[in-house]
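Two complexes follow with chain A in common, the first pairing it with chain B and the second with chain C.
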Partner chain A sequence: MDLTIQQGDLAFAVGRALGSVQQKSTQPLLSCVLLEADSKGLRVTGTDLDEGTSVLVPCTVRTPGKCCVLARHFHDVVRKMPKGALTLAMSGSQCEVRYADGKGWSRFPAQPADEFPRVPDLKGDMRVTLEGEVLARMIERSAYAASTEPARPQLNGVYVHGNDKFIAFVATDGHRLARTSRKGAFGELSKDGIIVPSRVLNSVAKFANEATSPVEMRIADARNHIGFATQVGEYQVQVYGRLIEGQYPNYEQVIPKDNPRELVMARTDVIEAVDIVASHADSNTQQIRFSLRDGKFSVSSATADFGAGEQSVEAEYKGENMEIGYNAKYLLQILRSIPTESVTFRLKTALSAGVIEPVGALAQTDEDMLCLIMPLRLPDAAG
Partner chain B sequence: MILLVDMDAFFASVEQLHHPHLRGKPVVVCGDPTRRGVVTAASYEARPFGVRAGMPTAEAKRLCPHAEFVEGSPRKYVEKSLELLEMFLTYTPDVEPFSVDEAFLDLSKLGERGATREAAVAMARTIQQRIADEHGLGASIGIGPNKLVAKMASGVNKPRGLTVLSEEEFRQLFWPQDVQELWGVGPKMSEHLKRLGILTVGDLGRASEPMLEQSFGAVGVHLKHAAWGRDQTPVVPYHEGVDPKSMGHEVTLPEDSREEAFLEGTLLRLADQVARRLRGEGFVARTVTLKLRDYRFRTITRQKALTAGVDDHLALFEVAKALWRANWKGEPLRLLGVSASALEHKGEGEQGELFAQDDRKKTLQEALDKVRDKLGEASVVPAGSLMHRRETGHVPFGAMKRKDAGAPGAQGPKTPQAPQAPITREGAASQVKRTLRDQKRKGS
Partner chain C sequence: MARPILRLSPETASRIAAGEVIERPLSALKEVLENALDAGAHAVEVRVDKALDHGFLVADDGGGIAPGDLELALERHATSKLKSLDDLDLLATLGFRGEALPSIAAVSRMRITSRPAGEEAATFVAVEGGELREKGAAARAFGTTVEVRDLFFNTPARRKFLHSPGGELRAAIRMIESYALSLPTTAFRLVVDQKERFDWAAVASQRERAAQIWGQRHAEQLLEAHGERAGMRLSMLLGLPEHARSTREGQVFLVNSRWVQSPALSQALRHAYGNLLPGGRFPSAVVWLDVPADRLDVNVHPTKREVRFADDDTVFSFVAGTAAQPLTRIYPPFTVVPGRQGGDEALPAWAERVREQPVVDESQLGLALPASPASEPSPAAAHGEGATPAPAPRPAAPEPELWQLHRTYILAPVRGGLVIVDQHAAHERILYEEARARLEGTQGTAQGLLFPVLVDLTRAQFELLLEVGPHLRQLGWDLSPLSAPTVVINGVPSGLRVENPGQLLQDVLDGIGEGVPTAQDSLVERLACSHACHAAWRAGDTLSREEMRALVDKLFATSRPHGDPHGRPTFVRLDLEELHRRFGRS
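For the complex of A and B:
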C-alpha cells in the first residue's frame, strides 16, 4: 500500500469509522479500523460485528493494499497532523504516515487485514430512498424511545414500516412510545417492516444531516442486514448493521383512540415546570405528579430525601379533576422531541396510556408525530 | 444500657444440639462438604486447629482432618433465631436482630430495671441462663452505654462470656489494640489507616479530625468517635426496621470455569435466588449488579439501571447475562454474583406497561413460589440452571448429598424435606427478617 491523501480526508474517514468501534472489545482486531486502498480511493472501515461504518475518500493510490491499525490511536494522531498532503505506506509490518512535506513521520503497528470481518454485500437488494435531513429528523423523533434493556430485544431498535402512502418510524421501551411518519410511496416496506437497532440509527443520524445526496437504505433480501449509503461531498459513507430479529409488538393496538380529557399548554412552560419540579423526585422513579383541578393545572413532586416542589402552568383543560403520575425523564424527552409551540395531552385515567401530540401542523406538512406515555402509579391512584 | 447477645458458634452449636454424636467434637458447617466452598461456621472444638469461618473448606480439612464436616441447614438456624428473638422480647420491646445470631437489646426505656450497670448485668445473666437451659446453647453478652461498646464488649470474652464496659473502660481495653479490632474497620480501611501511621485504636482516637475527614470523609469523623467508644446509632426494633438497600447472592464455583453454558446456568440460578428474595420481601429492583472474580482473584462489578422495577428471575438474568457478555473476556472464573438494588416496595410508583403483560406468567410465578415455600428451593428450578449440574447424580442448589441422590441420572430430590437453599449467613438472616415481616403483616 502506498498513497497520497489530504489530512482532512483521512481524519474524516477514520473519525467516522471509529464511531462503530467499541471502546472495549473482546477481540483485538475489532479495536482496529481497516484501511483498503484501490483504484477507487481509500476505504476506512470500523465495526463491532453488529454495526459497521465504511467511508470511501479520494486519494492518489500508487500501490493498492490493505492493513489494520488501532482505531482510536490512529485517529488521535492523524487528527493532530497539519493540513495538507500525507503519504501513507507500509514499512515492514508498520503503517507509516509522512506529513508536512516529509518533515514528520509516524509509524503505527499494523495487523494483517485478512481476518477483518467482511462488510455485508447489500447490492441488488431492496432499496428505499429518503432525504438525509428527513431521515435524521425521523430518527431524532423516534430512536430515543427505544429500550436499552436486554429483556425484550425487539424493543432495542426502531421499527420501520410503510406502504404506498407513508413510511413510519416507531420506537418504544414498553413504557413510552414515539411514532413519526412521512407521506410518500414506500410499498417496498409493506410486507412486515424491519427493526433497526437504535445504535445503527444513531450512527446514521450523524452523517444524514450533512448528506449531499439522498440516503439510500438497502435491506438484504434475507431481511437480516441493512445498509445506509450516501455522499457527503466527495466522500461515500456507508453504515450497515444487523437487523433485530423477531416480531415487533402490535403497537397500533395500544394507541388509545378515545381519550376524552384534553390538556393543551405551551410546550416550553411545561418543560420548565417538569424540569424544575423533578429535582425533588425520587432518583429512581423520577416520579412527578400532574394535578388537573377545576381548569387549573400544576406539576408537583415530593420525597423525603429531596424535599418538595410545585409549579402551576397555564393550560386549557376540559374534563374532570384528576391526578396522574409520570416519569419526568420520559416526559422531558417526549416534550423536547416535539417541534411545535403547544402540545396536547389526551388522557383517560391515571393508569392508562396518555397521548402527547403537537398542536397544529408541523413545519413539514407531509410529516406527522405522536407519542404515548404510561403513567407511574400514584399511591392514591384510582383506575 | 444496651446489650448485644451473640450466640457462640451458632450454626455449629445448633448442629451439635440436633445431632448428639457431634457434641464435644470439632464441627465445621459448610456447603456441600464434597464440593469446593467456604466454611460457614466452626465449633469451639475446631477453633484451636485454626479453622475459621470464611476459609476454604479444603483448608479447614487440612487443618483439622478429623473434624465432622456438616452441610448447613438454614431452616434450623432461622427457627432457632426466631425462638431466641421471642425470648428477648419478653425483656424489652426494643430488640434489633442484627444478624442471624446477634441481637441488640435496648434497656434504656425500661426505667430502673435497665438503667444501672447492676440491673443490666443481672438481666444478661438470666438471659444467658435461659439460653443454656431452654435452648441448650451458649451466648456471649456485651453490655455498654451504646451499640458500639456493647458489640465490642461481647467479643472480649467468648464463649459464654459476659463483659460490661463503660466508655472509659472501653478505651483502657482497646486503645492499645490493633486498629483493625475496632468495629467498622475492615482490612482495606485498616491498611489505609496504617499508611497514615494509625496503628492502634488509640492512635485513631488521638488522630486529628480534619485529617481523618480529608482521608475518609464523614466516615473518618465517625471512626474517631468510635475509637472513643462513642456511638449515636439507635437500636432499631425490628418492627420499625429499615428497608434493605440491596439483595444479592454469589457463589464460589466448584472449580474455576470458562464453560459458557455452565456459567450462564449459574447466573440463572443466582438470578432466581435473588428474585425469590425480592418477591419474598415484597420488593422490586431497578438496578442489577453483576460480580465476577477470576482465577487470579481480580474482582469486577458492573451494574445496569432499569426503567422499571423487576422481581422475576428472567428479567434479572437477562440483565446479568448481558453484563457478563459485555465484560467477560473468557478468563476462568472463580466466583459469580448477582445482586439487585435501587429497591422499591412493589406497587409504589409502579411504571405502567403499554403492552399488556401475560397474566399467566404472574400466576405461574406465584404458584411456583408457593411450591418452593412449602417443599424447598430445589423442588422447582429454572431448567437452564440445571446447566449448573455437571456430574451425574449431582443435584443443583447444594440440596442433597450426592450419595443420597440415588442412581446416576437422578435429577430430583426424592423427599420433599431434604432440599434447601445453600447455606449463607446472609440468606439465613434474610429469612429471619422475612418471617418477622410476615408476622407483622399478619398481626396488623
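For the complex of A and C:
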C-alpha cells in the first residue's frame, strides 16, 4: 500500500468509520478500521458486525493494499496532523504516515486485514431513493420513539414501509408512537416493510443532511441487510446495517380514529409549561397532569420530594372536563419533533391513546406526521 | 465483707448437684474470675503464664476470705453465697454451688492468698491435687489472689484433649471482655507473659467500656436502646448492619450480670434487625438484661453458660421490640458530595485532575472533526420554521458525579470517602417501600400500553391473580381478566423499565405464591417483596446519569437504606482514611 491523501479527507473518512466502531469490543479486530487502497481511492471501514460505515475517498494510489489500524488512536493522531498531503505506506508490519512535506512521520502498528469482517455486498438488490434532508427529517421525526429494551427487538427499530403512494417511518416503544410519511411511489416496499435498527438510522442521519446526492437505500433480497449510500462532496459514504427480523406490530389498528375531544394550543406554550412543571415530577415516572376544566387548560405536577407546580396554558378546548396523566419526557419529545406553531391533542378518555398532530400543513406539503401517547392512569382519573 | 462459710445441708447439696467439673482451662479461669467479681472487687487483674493450663492467677481487691475459712473454701459444697435451697431462687451472685474451688484444686497446684478487710495480714493455703500442702501468713493488700498452676497435672488423659493454648487464651479474652462489659465500674487488667494486653480503668458507662474494648470510633457508631417492662431492665448497644458477622461471636448477653449464651435472646436480636441483614448474618450487640431473680433459672447447665427464663415470650418481645426502635431510625451517616464545587475541603485539590468524565456522550464519538466539511446541523435548523431548539446540553452541573461500574454498581463520592451502591439491591429497597406505600394508601399510576399484552397464566397463577388483583391495581397494574387463565395487561406500573410485562406479571405472582399466605398482611408484604425483586433493575442494566442520581437520592430517602427487603446490603462505604492507609499515607 502506498498512496497520497489530503489530511482533511483522511480525517473525515476515519472519523465517520469510527462512528460504527464499538468502544469495547470482544474481538480486537473490531476496534480497528480497515484501510483499503485501490484504483478508486482509499476506502475506510469500521464495523461492529451489526452496523458498518465505509467511506471512499479519492486519492492518488501508487500501490494498492490494505491493513487495519486501531480506529480511535489512528483517528486521534490523524486529526492532529497538519493540513496538506499525507503519504500512507506500509513499513514492515506498521502503517507509516508521512506529513508536512516529509518533515514528520508517524507509524501505527497494523493488523493483517484478511480477517476483517466483510461488508455485505448489496449489488442487484431492491433500491429506494430519498433526498438526504428528507431522510434525515423522517429519521428525526420517528427514531426517538423506538424502544431500547432488548426484550422486544422489533421495537428497537424504525418500521419502514410504503406503497405506490407513500413511504412511512414508524417507531414505538409501546408507550408512544411516532409516524411520519411522505408522498411518492414506493411500491418496492409494499411487501411487509422492513425494520431498521434505530442505531443504524442515527448513523445515517449524521451524513444524510450533508449528502450532495440522493441517498440510495439498498435492501438485500433476503431482507436481512440494508445499505445507505450517498455522496458527500467527493466522498462516497455507505452505512450498512443488519435488519431486525420479526413481525412489526400492527400499529395502524391502535391509531384511534374517533377521538372526539380536541385540544388546540401553541406548541411552545405547552412545551414551556410541561418543562417547568416536570421539574416537580418524580424522576422515574415523569408524571404530570393535564387538567381540562370548563374550557381552561393547565399542566400540573406534585410529588413529596420535589414539591408541586402548575401552569395554565391558553388553549381551545370544547369538551367535557377531564384529568389525564402523561409522562413528561415522552410528551416533550413528541412536541419538540413537531415543526408547526400549533398542535392538536385528540383525546377520548383518560385511559386511551391520545393523538398529537401538527395544526395546518407542514412546510413540506407532501409530508405528514402523527404521534400517539398512552396516558398514565391517575388514581383519580375518570372518564 | 467477709461472709462466714457454712456447710450446705446434704439435701441442698444433692439438689444442686450438677457435677461441676472443670472441663477445660477456660472454665477454671471463669470460676475464679467470677469468685473475684462476687467478692465485690473494684479491680481485677488476670495474669497468665505461658498458657492457661500452665499457670494463671486472678487477683482482686474484694472482700477476701477470713483466715479460718480458707481451708473450708476448698471443701466441696462449701460457699458463702447460698445458705439454703430457698436462696437459689434469689441469687444475686455468679457462683452459688460451692463446687468450683475444690474442683480446680483437685486437678492442679493451687495457692490462695487472702486478706479480708480489717485483718492485719494475709494468710495463704497451698493445695496440690486437692491435698493441703502448706498454709501460713503472707503479705498482701486487701483482697484475694488465686493462683492455679499445672492444671490437669494429675489427669494426663484430660491433658491430651485440651484446646490449643492460643485458642484457649482467645476464648479467655472474650470472656474477660464480656465480664468487663457486664461491670463497667470494675477495672480489668490482663497480663500475659509479663506483657500487658489491656488495662481498662473503671468507667461510668457501658459505652465507655465498649470504647475501651473496641475503640472510640466503633463505640460511637453503636446504637443505644433501653427499656423496662414487668420488672425487667434492658440496655443494649447495637452494631450497625454493616457490623454484622457470620457467627454469633459478636453477641454478648449479660443476664443479671452473668455472661450467658441464649438462643432466645439471639433470635430476638435477629428479629429486630429484620431485613436489614441477609440470611446467615448475625447482628453484633451487647445486651444487659436484668430479670427478677425468681424468674430466671441459672442452674440449667453445669458451667452455667445457659439460663432459662420463666417467660420466654415476654423476654423475646421485650428485647426484640426495644432493639427495633433505634434500628428503624438508621439513616446514612453521610451526605453525597456535590462535584465540581469550590471550597469543598473533603475532596483534596488533586481530585479534580484525576476525575474522569463519568458518562461518555455517545453522540460525540469520533465526530468532532476540525476538518469536517460541514458541521452537524442542529435539529432546529432541519425543521425550518418555528421549531424549538433542542435543550442545550446540561452545563457541567454542580451535581455529584456518579459512575456506573460494570453495569452493576454505582460509585458515589461522599464526604470522607466513597459509597458503592448495588443497583439491584438499592432499587429493590426503593421499590419495596414504594410498593408498601401504594398498597397501604395512594394508588400507583399505570403507564398505558399501546399494544395490550395477552398473558396465559397457569391456573395457580390465575387463582392468585383473582386474590391479589386489587393489590396489583394499587401498584399500578392495569389488568383485565379474559377467559381464565388468560389476562390482558393494559398498563404497567409507571416509572419502571418493563421489558416484558407478561413475564414480570408471572414472576411477581410466582414470587407471592411461594408458601401459603396466612394473613392478609403477610400477603401484602409478600406482594411488595416480589414486586420489588422482579421489577428492580438488574446487574447488567445500563443506567443513565439521571437514573443513577435518582436511585441514590431515593435510596437514602428510604427508611432502611442499608439493606434490600431480603437483607442483602445495598451499599458499602469505603472511607478515605482506609484508602489513605492502604496507600501508605498516614
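Basically, the second predicted complex is superposed on the first by the 382 of 383 C-alpha atoms of A that agree within 3 Å, B and C clash if a C-alpha of one lies under 4 Å from a C-alpha of the other, contacts with A are read in each partner's own complex, and residues count from 1 in each chain.
Following the convention adopted for this analysis, contacts are C-beta pairs under 8 Å (C-beta built on N, C-alpha and C of every residue); 3 or more make two chains touch, one makes a residue touch a chain.
All values reported here derive from a predicted model rather than from experimental measurement.
Asker: Following the overlay on chain A, give me a clash-or-fit verdict for chain B and chain C.
Answerer: Superposition check on chain A flags a clash between chain B and chain C.
Asker: More residues of chain A in touch with chain C or with chain B?
Answerer: On the superposition, C touches more of the residues of chain A.
Asker: Between chain B (first) and chain C (second), which does A:L177 come into contact with in this model arrangement: first, second, both, or neither?
Answerer: A:L177 sits against chain B and chain C alike.
Asker: After superposition on the shared chain, which partner residues are touched by A:P150: those of chain B (first), chain C (second), both, or neither?
Answerer: In the superposition, A:P150 contacts both chain B and chain C.
Asker: Just checking: does A:E36 make contact with chain B only, chain C only, both, or neither of them? Give me first, second, both or neither.
Answerer: Touch status of A:E36: no partner.
Asker: Which holds for A:P375: it touches chain B only (first), chain C only (second), both, or neither?
Answerer: both
Asker: Quick one: classify A:P249 as touching chain B (first), chain C (second), both or neither.
Answerer: Both partners, chain B and chain C.
Asker: First (chain B), second (chain C), both or neither: which does A:T26 touch?
Answerer: first
Asker: Between chain B (first) and chain C (second), which, if any, makes contact with A:T285: first, second, both or neither?
Answerer: Both: A:T285 reaches chain B and chain C.
Asker: Could you name the one stretch of chain C listed in 164-172, 326-334, 362-370 or 380-388 that collides with chain B in the superposition?
Answerer: 326-334
Asker: Kindly list the residues of chain A that each of chain B and chain C touches, one partner per complex.
Answerer: Shared contact residues on chain A: 149-151, 172, 174-177, 249, 251, 254, 282, 284-285, 287, 325, 327, 351-353, 372, 374-379.
Asker: For a test of understanding, state which residues of chain A touch chain B in their complex under the given definition.
Answerer: Residue list for chain A touching chain B: 26, 147, 149-151, 172-177, 249, 251, 254, 282, 284-285, 287, 325, 327, 351-353, 372, 374-379.
Asker: Over in the complex, which chain A residues touch chain C? Could you list them?
Answerer: Against chain C, the touching part of chain A is residues 7-8, 11-12, 15-16, 18-19, 21, 23, 71-72, 75, 79, 83, 133, 136-137, 140, 149-152, 172, 174-177, 206, 209-210, 232-233, 249, 251, 254, 267-268, 271, 282-287, 305, 325, 327, 335-336, 339-341, 351-353, 363, 372, 374-379.
Asker: Taking the complex as given, what residues does chain B use to touch chain A?
Answerer: Interface residues on chain B, with respect to chain A: 286-287, 304-308, 310, 314-315, 318-319, 321-322, 329-330, 342, 344, 347-355.
Asker: Which bits of chain C are touching chain A when the two form their complex?
Answerer: The touching residues are 360, 365-367, 369-374, 376-377, 379, 382-388, 390, 442-451, 476, 478, 490-491, 494-497, 499-500, 503, 546-547, 549-550, 553-554, 557.
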